[in-house]
Structures are given as structure tokens and as C-alpha cells.
Amino acid sequence: MIDLSCNIAGISFKNPIVMASGTFGFGREYSGFYDINKLGGFVGKGLTLQPKEGNNGTRMAETAAGMMNSIGLENPGIHAFLTQESAYWQSLDTVRIVNLGGGTLEDYRAGAELIQEHEQRIRKDTGRSSIDMIELNISCPNVKEGGMAFGIQTDAARHVVRAVRNKTSLPLIVKLSPGAENLAEMAIMCEHEGADALSLINTISAMKIDIRKRKSVFEHGYAGLSGPAIKPIALRMVHQVAHAVTLPIIGMGGITTADDVIEFIMAGADAVQVGTANFINLRTGPDLIEGVTAWMEQEGVQSLDEIRGIIS
Amino acid sequence: MAKVISNMHLNEKVGLLEVECDRGGKPGQFYMLRAWDTYPLLPRPISIFDCTDHSIRFLYLVVGEGTRRLYQLRAGDNLMLEGPFGNGFPELSGKIALIGGGIGIAPFYYAAKQYENADVYLGFSDQPYLVEEFKQVSSSVTVDVGGTILDTISFSDYDHVIACGPEGMLKAVQAKQAAEQTDANVYVSLENKMACGVGACLACSTKHKTGRKKTCTDGPVFRAEEVSFV
Amino acid sequence: MIDLSCNIAGISFKNPIVMASGTFGFGREYSGFYDINKLGGFVGKGLTLQPKEGNNGTRMAETAAGMMNSIGLENPGIHAFLTQESAYWQSLDTVRIVNLGGGTLEDYRAGAELIQEHEQRIRKDTGRSSIDMIELNISCPNVKEGGMAFGIQTDAARHVVRAVRNKTSLPLIVKLSPGAENLAEMAIMCEHEGADALSLINTISAMKIDIRKRKSVFEHGYAGLSGPAIKPIALRMVHQVAHAVTLPIIGMGGITTADDVIEFIMAGADAVQVGTANFINLRTGPDLIEGVTAWMEQEGVQSLDEIRGIIS
Amino acid sequence: MAKVISNMHLNEKVGLLEVECDRGGKPGQFYMLRAWDTYPLLPRPISIFDCTDHSIRFLYLVVGEGTRRLYQLRAGDNLMLEGPFGNGFPELSGKIALIGGGIGIAPFYYAAKQYENADVYLGFSDQPYLVEEFKQVSSSVTVDVGGTILDTISFSDYDHVIACGPEGMLKAVQAKQAAEQTDANVYVSLENKMACGVGACLACSTKHKTGRKKTCTDGPVFRAEEVSFV
């Protein structure tokens, strides 16, 4: 019997396929196309304490085997999210992860607190959970207010991780930025500060110029690169971090095929996230689960544990 | 996967693609098309030009790599098709004007077929195409070449006006609505860059007077006065 | 009259198209296909004090819109290069740049000295030069002996730049690694230490796993990613560095079309280098010169100075 | 740019492509082929199967994306072609054995045409192809299916032996040469991954007993005893 399941920080996933933040709405958006309960889990769009309008101008552009985005964390704010989506999230039978962003340390802290209180209350009142984990996004490159700085320097990040850790009893995933000055050091810091898992990579800061208009395509100059183009870089970083810490790791960056998933698992990931590939083919989630299962059957692999981190 | 039935080249830049598909849709809705493996990365949103129980037609203009690949399709080729997406045009009665600028005429053939009393206005920058076809679905087809089709219309003659075309034209529609102080309901169909097409990525989110809207799921059809063009 | 020329550190280039190190041999290899004197210049394969065999196993693999290489600085050594190629390089009428790599500080110093002595002697003896500039590669990610460390940390790099600067009177370009912890700081350090120009980016450290063999494709685990996939990242870094220093900048990373060249110039590059694109189309050099000329004609741009660094 | 004259599918995995090209070449040389825009990134090295003053034929096996695209080419399509590259087979006289394993038979048709006295050995893993064609250019064509073609040959019967095929086979050739202690000159044609094809990138550099060699310019044909297989 082939077993796709995995366990991260005490939460059990049916399979290692998790949809990435910002590419899967709050889950509903894809539920008309397939049963999203088949997924290992999904991460909701990044949330901030206050609602955010996001960036103006062009928000998306394609590059060679990649795409750039500058959404700017448009979101309804944590409060509205909790009010509007809790019941729906409660109804789901897959791992539900909130992605927490912020501009200032105080935002992060207050955001984490709000989520904590809500989840405690809802669990008490209904006996059922609505949120399984928090993914802390210290790395969104699109927010001017300083969201980026946290993701770059270990010492700046430490404050955010500590603040959020203190405010939540939910399993805490810290999502790392590929722009971190020292990725291994950043990962070790997260481990020290009590993170339960790490996820990486977020988009890579990149630029595109409209040579006709003689202007940057994006309002803020730079935007985040994702998709197949970045896969070899992401895989290297996952491998690096897997060798730096003992925390469970959720790897991502350009995954589009089952072979890509296997590569990340072999590099040391416990599970993977899939972002841009949802746009290439909106049924990527179930397709990957099927593909990984087929690969395991063919290779006689019963459990992904047999190959996890096999690359020294 | 859907199969190409035919792909007619109307001129060096415009094609009319017919594919096997039984998913249909409403006028003003669109599909995400993908007729390539890996490049470009994303599918392309294209409006329904016309549809039957077993086929859909798309009218497209070659502007870049994606539409160039659509142009190269031959009968029997396969392509990926997801949809229909978007709100589509509202159900309307009364006198209707359908105003298409350039490739913006695409959604109005199917619309003219469905509305009982719709006048069609087609603005072309040079050689017009499909005019005879449009005449078969509307008793009033006005064609302008190289000018501004809007100048030939008075919104106040209509209960409803729907416009689709380049952003400049849609801005002019908004301005004209304000200038005419008309009672007509004026709608525009927007074309924002899209990634997911299903409301998940917020790439297509644009400012409206009532807040941000997603063109792919809240639109692409909006009341003209609500859009905030920049 | 359209003027493509540019001047970097007192050396004048016919046009901004320079072929990148490691992708153009020592020039000869492409001279059978077109007149390489048409180029702005070219950089020879990376040289080290001692000859190097380079890496074993797979040296090249393709990725989505990119390629990975792990050549491992195979080269005949500086002495053999000077002996074998000097006369040929003297015969050329294009900017000739030596790329200097090394495993240790002492290697770099001794290498620079050897080049300096040779060039002084040859200029004295024949009245003609054979080398116009040195490009200091502190960033080759393939050498185990520590080549990488120099490219990452500003303080480590400082020693190399200083040592080489002290040993050569040739104009000195420092080639930056995208893996630098702090790219702007690195660039500023180079400016302080007397570099005459900067070039960037070298390949990005990346990984590919052969899931059938359950092994990394490359002997040393990681290898360098280049080609169109990395262009948006490279462009962002060039823009960043152009805003951090006043030194002339030679931008590179994924350039394949004339539009790409214009993007880099608009981002602040004085000239560009072209690597992987030579493999896609071996006539890329002349094609780009033609393409840039055509673009300038069409846009009514007389000199690239009109658009250089136009993106704020 | 070169035009496809024909592209014959010999089976589901093997094709014979003929293109317009007057650049010719020697047996054992190769061209870099590119029949796509952006994906895959690099051109692919393919040996000359045969050539005339105005055309070249390539025999190829579909193993991945690049060769899959070659397989899809139709008459009239364009492709990019650079070459001929590589040293090619030496000029030889005397008795010659040409030993091809799998798609490694590709360079030996043209070679057999040029050498006066060459026996051809073709090893296939399943269905053989082109055997009749080979018989037209050599009076002795031995075919093996599913076995090891090498076992049927004694190198000592020949003045020269040239082998091309999978690395395992070439290693066996080297071992056989040593075991037979033969005076025959034994050559192998290597297939290393290539990027530039012109000696500039060192992607194809491999260890030989006399030091590193570039397969693209120093090879692809080497004396068997000089190669260091790993």
C-alpha cells in the first residue's frame, strides 16, 4: 500500500501537495474545479492586520519560464477574513494554513493575537478547528513598509518570529525569503526561536523594464519572480536549509510536475507547496497527487520517507 | 483537451478559431486558452465569439507570442481550454447598443444573437472583417474605419450600452456617459492581464469607485461609471 | 549618425556587446564564424595560476529557460595562456579581457602579478598590447577550494580586490556574484578598493537531482544557473548596484535579444556581457549589434547615453 | 535557416530527416540542430547520416524534448542548422569494421559509402530498420537484434574498427581491444552533452589518458585506448 501521508509539527497531511499562499485564494476559488479536500493542504492569501488595497498598475508579467507579480498583499485584513471564511474553512477536510504578513513588528504581533483568540474561541464554541497552522511570511518583497527587511537580516527576523511565537499556540511555519543574507543562519535562528517548521522559497526579487515606455513595468520597480525558471535555485536553497536544521521543511519554487515534487523531497523537503503551476493548469493539485502516486508505484517506493533527504 | 475544428485567417493578424467543446457559456464570458507546452507560461483569456452545443468559436488578434501560437493552429491540433469564466453581459431588454473597437468586437456577435433588439457598432483601424456575419445577427450594423465609432452614437437613444475595446475607447465611453447625462445603463468589458482566471491570484484586480474588483470573476463586465481608469 | 561606442575605465569599446567569460573560449573558437573584431570586446575563459582539470561527471544540464554548468574552471593556467594566446590576442582589434580566478588569496595575487609582468614586457618589446583589462572573478561557484567564499562576504572579497589591485596597472573590473550577502555593500567596497568597473552577475548557485539515480546531477551537488531564466533577477541586481556606486557597470545574465540589451542599459549598465546566448545561436554577437542599432534607429536614439540609467 | 525536405518516421521513436543544406561534411561529423524557438534552450548534436551537394539526412532517436520536436517536423518547416562540426572519421584504407549499437548506427551509412572495404555491424535492441539501405552501401551487413553485436566480431580480422553506440558498448569495445591484443586501430565516437559545439564552453570536455579533450572539436572520434571511461 502506497502511503503519501506526512506529518509536520503534529499536523498530519494526506499527501505532500500543499497549495501556496497568494495563488489559491482562500480555497473556495478552486473548489468548483475539483475536491480540494484531496490536497495535503493549502495556504490562504497573505493577510495583514489592516485590509490592504495592494499595488496599482501592472501586477503581473511573464518572463522566460517564469512570472513576476506585484500584488502588494491585497487582502481584506485578518478580521474580515476570520469573519467571512471561518465557517467555510471549518467545513474542509484538508490542512488549512493562514499566511500572516505585516509591515511592522506590531502588526505581526497583533495579527497573530487576533488569529489565536479567534481560533481558541471557535474551537471552544464549536468543538472544531478552522485553522491548522500559521505560516509567517517575513519575506514578501512587495510591501514598501519594511516587509522585506525582516526577510533579509537574521536579527530583524528574529524579533518577528519571537513576537509571533509568543502569541500563538498554533504550529508555526516560518516562510523564508531567497533574499536572506544568510539562509542557513536564518533557518537556525527560526529553530532557536521555536518555529515548528520552515517553508521556502518565496518569490525572488526581480525587475522588468518596458523599453518603449522607458519605465519599470511595475509600480515599485521590482517584483517577485516565481515559476519554473526559479526551480533550480529553490531546490538548492531547500537542500541547504535541510542540512542546516532539523525542522520539517516545506519546499517550493517552480514546482509543476510530479518529478519536481520528488526532487524537492529527495533534497530534504517533508512536503511541498505549489504556486504558479496552479495558473498554468488549474488542476495541478490533483494531477500532482496522481503523478507522485504513479511514480511511487513504478519505483516501488511505499512511503516518501524512503527517499526523503536522500541527497547528501 | 479540445480539438481544433478550423482556424480561419481573416487577415494577417486576425483569426477565427473553432474548437470542439460542449461547455458553452454566456455572451461576454471568456475561456482561458493554452495551445502550447511550456512557452508562454500562462494561458490566455479570450472571449466567446460564438458557441453551439458542441463547439465554440474565438476571434483573436495576434499581438504577442500566445496569440501568434493560436494563429498557427491547424484543424486536428489539440489545445487546453478552461472556462467559461467571468460574469458575462447582463440579461437585458429594451434597446441595446453594442460597441466594439478593434478586436473588442469579439464578444458582440454572440451577444447580438441573443439580445432581441441590439444595434451593433464596429470600429476598425483599417480593413474591416466579419461585417456580413454581424449583419446576419443584427438588423443595424454600423461600421467605422479609421475614425472614432463613438462619435456616430448617441447613448441616449438606447436603454443599454455595452462597450468593449482598447482602454482609451472605454475611457471615452465613460466620459461620453457623463457628458450626455444619459439614463442609459452603460457597461464596459475590461481586459486586464490575468494569471489564474478564477479569482485566486489578484493579478487582475483593479480599482473601482466601490473598491477593488477582480476582472476575472467580478467582471469582465462592469458598469462604466464604477470603473476608475488611471 | 548612430554611435554605439562606450568608454569604460579609459578603454573604448566599439559597442556595448562583450562576450562573457567561459562561454567564448579565448576568442578563436568563434572567429571561424564571424569577425570577432566587430564585438565591443570579449572575456576569455577564467584562468587560474595553476592549470586546472575542472570537474568530473556531468558538466552541463538544461533547466526551464536556463542551463546549469559545473565546468569547475578547467583552464590551462595563466602561464600557458600567456604563452599560447598572446600573439593571437595582439592581432585582435577588440577589447580583450582576461578573467582571473583563484582558490586562495595567494593564487590571485601571483596570477595578477604574472599577467602584469607579461603585459608590461610585451608592450615594451612589441609596442602593442595583448590584454586591455582584467576581470576579477571572485564568484565562481564551482571551485571547492574557497572561490565561493570570496564572492559572498564583503570582508573576504576586500582582501582579494586589494591584493589584485596592488599588483596590476591594467583597468580592473570586479565580477560580482549574485550570492553576495549584501550586493550594494560589496559594490561599494570594490569602489573603495580602487576597482575601475564592476561586472555582474555570475551564475546563480542552483541544484538539479536525477531522481532515477537518486543523486545530484553534478559532482559537487550545486552548479551555476545561467540563461534567460535568470534575466529578471540579473536586471534587478544591475539596477541595484548602479544605484549604489558611480563605477561603470557591465551587466549580464540571460541576455539573448537586443531588447534585453536595452533593458540592461536602461537599468544603468554601461555595457553588457553575453554568455549562454552564444550557445543558443553562435552568431548572437553580431545579431545583437545589428539589433541594438536597428532599435536605436527606430527610436531615434543617437547614443546609448540618452537612455543609460534612465530608470530611477 | 534550412528547410525540411522530408521527415520519415521509421518507427514510433526513430525518424530520418532530410533538410536542404549545401554545407556537407565528412562521415563522423555532426551538426547542431534547432527546430524550436525557446524550448529547449540549446540546439542538439546529430551526426550526418548521409549527404549530397544540396541536402543532408539525419537519423535520430526520440529520447527527450529536443528529439521529440525533430520527430514532429513536416516538409516545408524551417530549422536552424550549424555545422559541420567535429573531426569525423579518419581517412583509412584496408579492411574496416563499422560497429553501430542502437542509434549509434547513424554515422555509418555515409561512412560505408566512402570507405572502399567496410563491413557493417548493426546492433538493435528490438525492431531493426534501414538494413536494406545499409546493404546498398556495404557488401557485408551483419545484424543483431537483442544480443551483443560485439560478440560476432573479431577485431583482429580488420585493419580498422570504428564503434558508435551507448557508453556501455564503447567500454566493451575498449575491453575487447585489450583482450584481443589486436593490431587493429580501434576508434570510438563519443556522445557527450554539448552546449556550444565549437570548443568554447568545455561542457563536453572528458578525461582521456593523455589529458582532457573536447568531444566537439577534438572528437567526437577518438582512439579507443585513449579514452578514460568512468
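Structure notes:
Letters are used for the chains, namely A, B, C and D, taken in the order the chains are written, and counting of residues starts over at 1 for each.
What we mean here is this: a residue touches a chain if its C-beta (ideal position, glycine included) is under 8 Å from a C-beta of that chain, and two chains touch if they have at least 3 such contacts.
By chain, UniProt protein names: A, C = Dihydroorotate dehydrogenase; B, D = Dihydroorotate dehydrogenase electron transfer subunit.
Predicted model only: the values in this text are computed from it and were never measured.
Our note on geometry: chain A versus chain B, Cα centroid distance of 35 Å, whole angstroms.
The centroid of the Cα atoms in chain B and the matching centroid in chain C are 48 Å apart. The multi-chain contact residues of chain D, meaning those touching 2 or more other chains, are 38-39. For chain C, residues that reach two or more other chains under the stated contact definition are 64-66, 227-228. The touch graph of the protein chains shown is a ring with every node of degree two.
Interface note: chains touch in the pairs A-B, A-C, B-D, C-D. Across the interface of their complex, chain C is touched by residues 34, 38-43, 80, 82, 193-205, 207, 212, 217, 230 of chain D. Partner chain D is touched in their complex by these residues of chain C: 22-25, 29-30, 32-33, 45, 53-54, 56-62, 64-67, 69, 71, 74, 227-228, 276, 278-282. Those residues of chain C that touch chain A in the complex are listed here as 63-66, 68, 181-182, 204-209, 211, 214-216, 221-222, 225, 227-233, 235-236, 239, 254, 259, 262-263, 266-267, 295, 307, 310-311. Taken together, the chain D residues at the contact with chain B in this complex read 37-39.
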